[in-house]
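Next up is a structure, given as structure tokens.
Letters A, B, C and D mark the chains in the order given here, with residues in each chain numbered from 1 onward.
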């Protein structure tokens, strides 16, 4: 019985595969296709509308930020030294105080004085930070502090390193992002418990020196692209081997090795230059070049030398 | 620590506010985006919350909530329990057609069977609808957003001749029959 | 301690024969044995082993329960066939419960893999029970009572001896059937425990046979459905939504011609089927039947309940694993699933019946469905389910459907109505097929034997129609009487209106007012036309029902409903007396006047009805092209009216024509028309 | 060409995927252009191996050149095998001013003093890292080139990364290292994984760490263009969790660590059930987290609120102490042995 029905279902039932799609699923599939399409259209419409809105919004913010930037520029131009910043701060506070005195009674006066003082201290801190002091933040609800040490080389601010300390039991360093070849451990052992300031100072000296040396290497590679080649250096940048060609008919190559013995300075402690012809190495100008390397940063020294057209 | 009330604030014109409660951040955000994307003739305002009660500080900035969607991720026990605690901080007025559960991961092998069962029991006892969702695929998410919007439109009173209470009587969850003693 | 018989195997090019040496040779670090083993392994994996070699090696590996035994079992790939007695001896080894568990599992899986290659299964059938018992008691699983007795011991066994692999697999199979009993969560990778698609030998076996017999390969490719593109082998390893190849013991056919079995995959034509009907043997993989029509014919002809049992078991397990207990929570791509479900749907359409497994699966799946995943396929399957007894139809079908219906989009609503229409069509078709059998048995072959009496069927149909009436009423309201949804609803009622004459089911059910009036005042002519056609069909059904009162009894209520509908339609469309007392739909005078519409009762006449207004204007322009100012009321005057009506009929509004002609011309007929017969006596005002 | 070389070459060819093999051979200068072009990398490996062998024959290439290939391969694709991290403790001043030449000579000399049959190969890469390949031999056996030990050391840093080092060779290697890197001793920091760069970044603090500072980044700034009609009720909480998570586990791309293992040894203490409390040997358990990128997943757990904040030291010390193997005993409650400030 059902067999015959089956045969009706597919052309004579000769052994093909059952792949005639179900006659009803067509409508259903079409319906769901319609739904996805409608959803897509709605979303497109919505999206276009929203993008327009956001665009206007962004234009507004751009304007605002521009204005702010100009303001800040002006301020920076005016305030170059700590003194100026502080005078500025004081003026602000004066204004505050005066208008508060005008407005408030005695009870509020005390309060307002306190707030003024607080803002003053805050401003001091900000100023201090601006000129590259250590930034101190309280962490974990007073159980720890985080010092951030800004480094700079030739009035150019570079990385900021952080040291987070745990004040819970004995003061100790719980995490930091100081590069591993900075002898943090030794510095800490020296004067960590005694006075934190000395520790931070020495640390920042190390860091600044390291960053400075690294920056010099980078600058050399940028400025003297091709002419001067950095043959060798290392992670600490405690040694730097340069090869430069001197001008002249036979373009002899000179190899100058800068050794930075003192990790807290970004100037070399020992400079050796050897060139292909021995006569040149003990000639006076090379000696003064040596001296130059010893007291000015490497890239500036090289610049000077190139200005005097000793090297190509 | 205040109870969230459905009628404490006045509704605004052409405005529907839905509150998504759940501790699965990513899914919550995706769903919220889909909801906002899909609605075009009224403006929908989606508010996300990890759990109830809502923080008191933005009590006054919060508009009137027309629908509370409790998202339960069956893959994690934590999600279910936090939903149960959240329920305690809902005003009874919400249960007149302003609450629905959104379930994800119901088809996952690793989900123990009784978790879904207990959730069903809760939904049945509260007369709330139980929407199932495919949270892994974009299609499933947009479908879920569409369904939430359907309920939201009604419960926000944007559909003529229909009320949230009326709808909830139709779509409230019911205990499925035990299929294995049918023969 | 046990007398291990040690073999040292030596090798000749094409097969292995063994020399028994005296027992007690040490295994560890016995280089010669090691070397021989390696050699045999190579041969086994490359060319396959000859039958006697297989039997010897099987005996050998099972006898010594050690790593080496397992290793031997792993490369035990038969080149041609597996002798039956080897299997039986292996099973006997199984009964000696000294064998380690992993070895038992391995052996059983091996048997399952090479099942098709066993040369003759006559004696093997005797111990089927035992083997299947070991794998999964497939026919126990269905019976819940037995299940209770099985599962509880198993569970406490499991708690006692930890997660033994085979127990876990067994439990995972049970979990499909009653998850509330098996509450341990089965790890996903376990769940592919007894399937042979990911067993150790499959790839090797396939490779060996490819190389050995190419004609067999071509056969397979001819006869096999979905899983034929060679790319699917890799996918089969992790997803198995592919329909396996029809294959039984063909290799044994080619060799021992004595046995009387006819392999299914040699079937090509229907005539072949008829010749060998008596000696066809079912394939090992029942799922393969879905692939080929001839196999389905065969399945139809044999009333072998075990065949359906196996097919349903396979299907149910597959569906559950793929759609309810997903390994990854449903992140996989759906192309395979779609393909598979479509094959299933077309198979069911072909057999004109639904499988019990699908039904069971659907009832579970509806409860966790999000309404969009695989929507066309799921609804397509749903429209194929056999008649549900009205005692359970509400909980099984209506509750979950309602929850989905009212929360989902317009298109989903339409799809559901469409699906239910198809479902009703199926049920009515079954009824019309079996109507002349006094004892109506809808699903003879599907495995839920429920003897559906005529009254039972009618109850279910009544339930279904009422359900659709309810949801479509509210759905239309929610969707603002969207004309798409309206037309789908009217399609449903088009079938309902004809139940008596077309499918001789003695039943007439009127649509609810919530469907009728929206359709009557619809803004598009198509739906209104459909409505007219439906009312016409109702009339004809009622007439013929009235003529044979003794056969069926239609309640006065139905007549009354019908009359009221007809009256209101005629008064609205024909003689512009809408909303007036006694004209079906009544409305308060004050309310109408407050609406500010001039002479509201004419507003739904054939001229002014929003659905026909376009036609009216068109007609007006055709009549008086020179007129500057349009005056539709002039259409109603004199002959123009009849012309206009004719004009409407010519616009393809067949339903309107049928309705008007039937309910206006007829003088004396059902009580229904009496109301209308006088309505056409006076001219349209 | 002796068969050690043959075996080594065939093993190399077998181990290295074809694309990488082509690249490595290109970097390896022993073969001429024409010879390289003559090699067909589509043919099966055994055939390829034959061709390579013949080529090596005609260039009469020795074992040390073949080890060059291996070394190139390992340094090009360092994420092979498991690397263990060791630390050079109490380093002295001159460790800071040690250059490669000096270090190499020192190391070779020291190791050769300790064991006579060993072949050492060292090279320095562009990123200042020194790669050492050691093939160990017994007292009477020639160096085994099939199981070499690889050591990676960055000069002036106190960290050494070692892969596939046998226990019997440990003391030898460590002594040699200690002598040539001017440090007191070498200690295991219990950090291991497959991804060398990740281990390096983690131990040398080279991944992007987040420190609390006065000017915090708000969440709105983090995600571009927040949708105006979506509002988060717990925005503060979310920001806090985000901040905590990134302070503990870092920001941006985190080092790719695969596992973290915790060994627990605790005594059952609960009054009432005496028989359990009385047993003296502790309960032992091992908890092992594993993921394709463990830190990312842990960070997600914290930021999404699955893990409680503040983060337990057990998790946070993976990054803070740079280790992923912990033994937790009863005495130091929950914390980790040697929590002294001995390692930064």
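As a convention for this text, a residue touches a chain if its C-beta (ideal position, glycine included) is under 8 Å from a C-beta of that chain, and two chains touch if they have at least 3 such contacts.
If you're wondering where the values come from, they're calculated on a predicted model, not measured in any experiment.
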Point to revise | Chain pair showing more contacts of the two, B-D and A-B | key: B-D
Check your understanding: Centre to centre, by mean C-alpha position, how many angstrom separate chain B and chain D?
Key -> 47
Check your understanding: Centre to centre, by mean C-alpha position, how many angstrom separate chain A and chain B?
Key -> 45
Practice item. Report, in whole Å, the distance between the mean C-alpha point of chain A and the mean C-alpha point of chain C. Key: 63
Check your understanding: CA centre of chain C versus CA centre of chain D: separation in Å?
Key -> 55
Review point. Touching two or more other chains, which residues of chain B qualify?
Key: 36, 139, 146
Check your understanding: Which parts of chain C, given as residue numbers and ranges, touch two or more other chains?
Key -> 372, 409
Review point. Classify the inter-chain contact topology: is it line, ring, star, complete, or other?
Key: other
**Study point:** chain A-touching residues of chain C, taken from the complex the two chains share
**Key:** 223, 225, 267-270, 290-294, 296-297, 300-301, 342-343, 345-353, 372, 375-377, 379-380, 383, 409-412, 414-415, 418-419, 422, 433, 444-445
Revision key, fill the gap. The chain D residues in contact with chain B across the complex are 227, 229-234, 236-238, 303-306
Review point. Which residues of chain A touch chain C in the complex?
Key: 1-3, 5-7, 9-10, 12-25, 27-29, 31-32, 34-35, 38
Review point. Can you list the residues on chain C that touch chain B in the complex?
Key: 142, 144, 147, 177-180, 183, 185-188, 191, 323-331, 360, 363-364, 367-373, 392, 395-396, 399-400, 402-403, 406-409, 448-449, 474, 477-478, 480
Practice item. Going by the contact rule at the top, pick out the chain B residues touching chain D in the complex. Key: 19, 23-26, 29, 32-33, 36, 43-50, 54-55, 58, 62, 76, 78
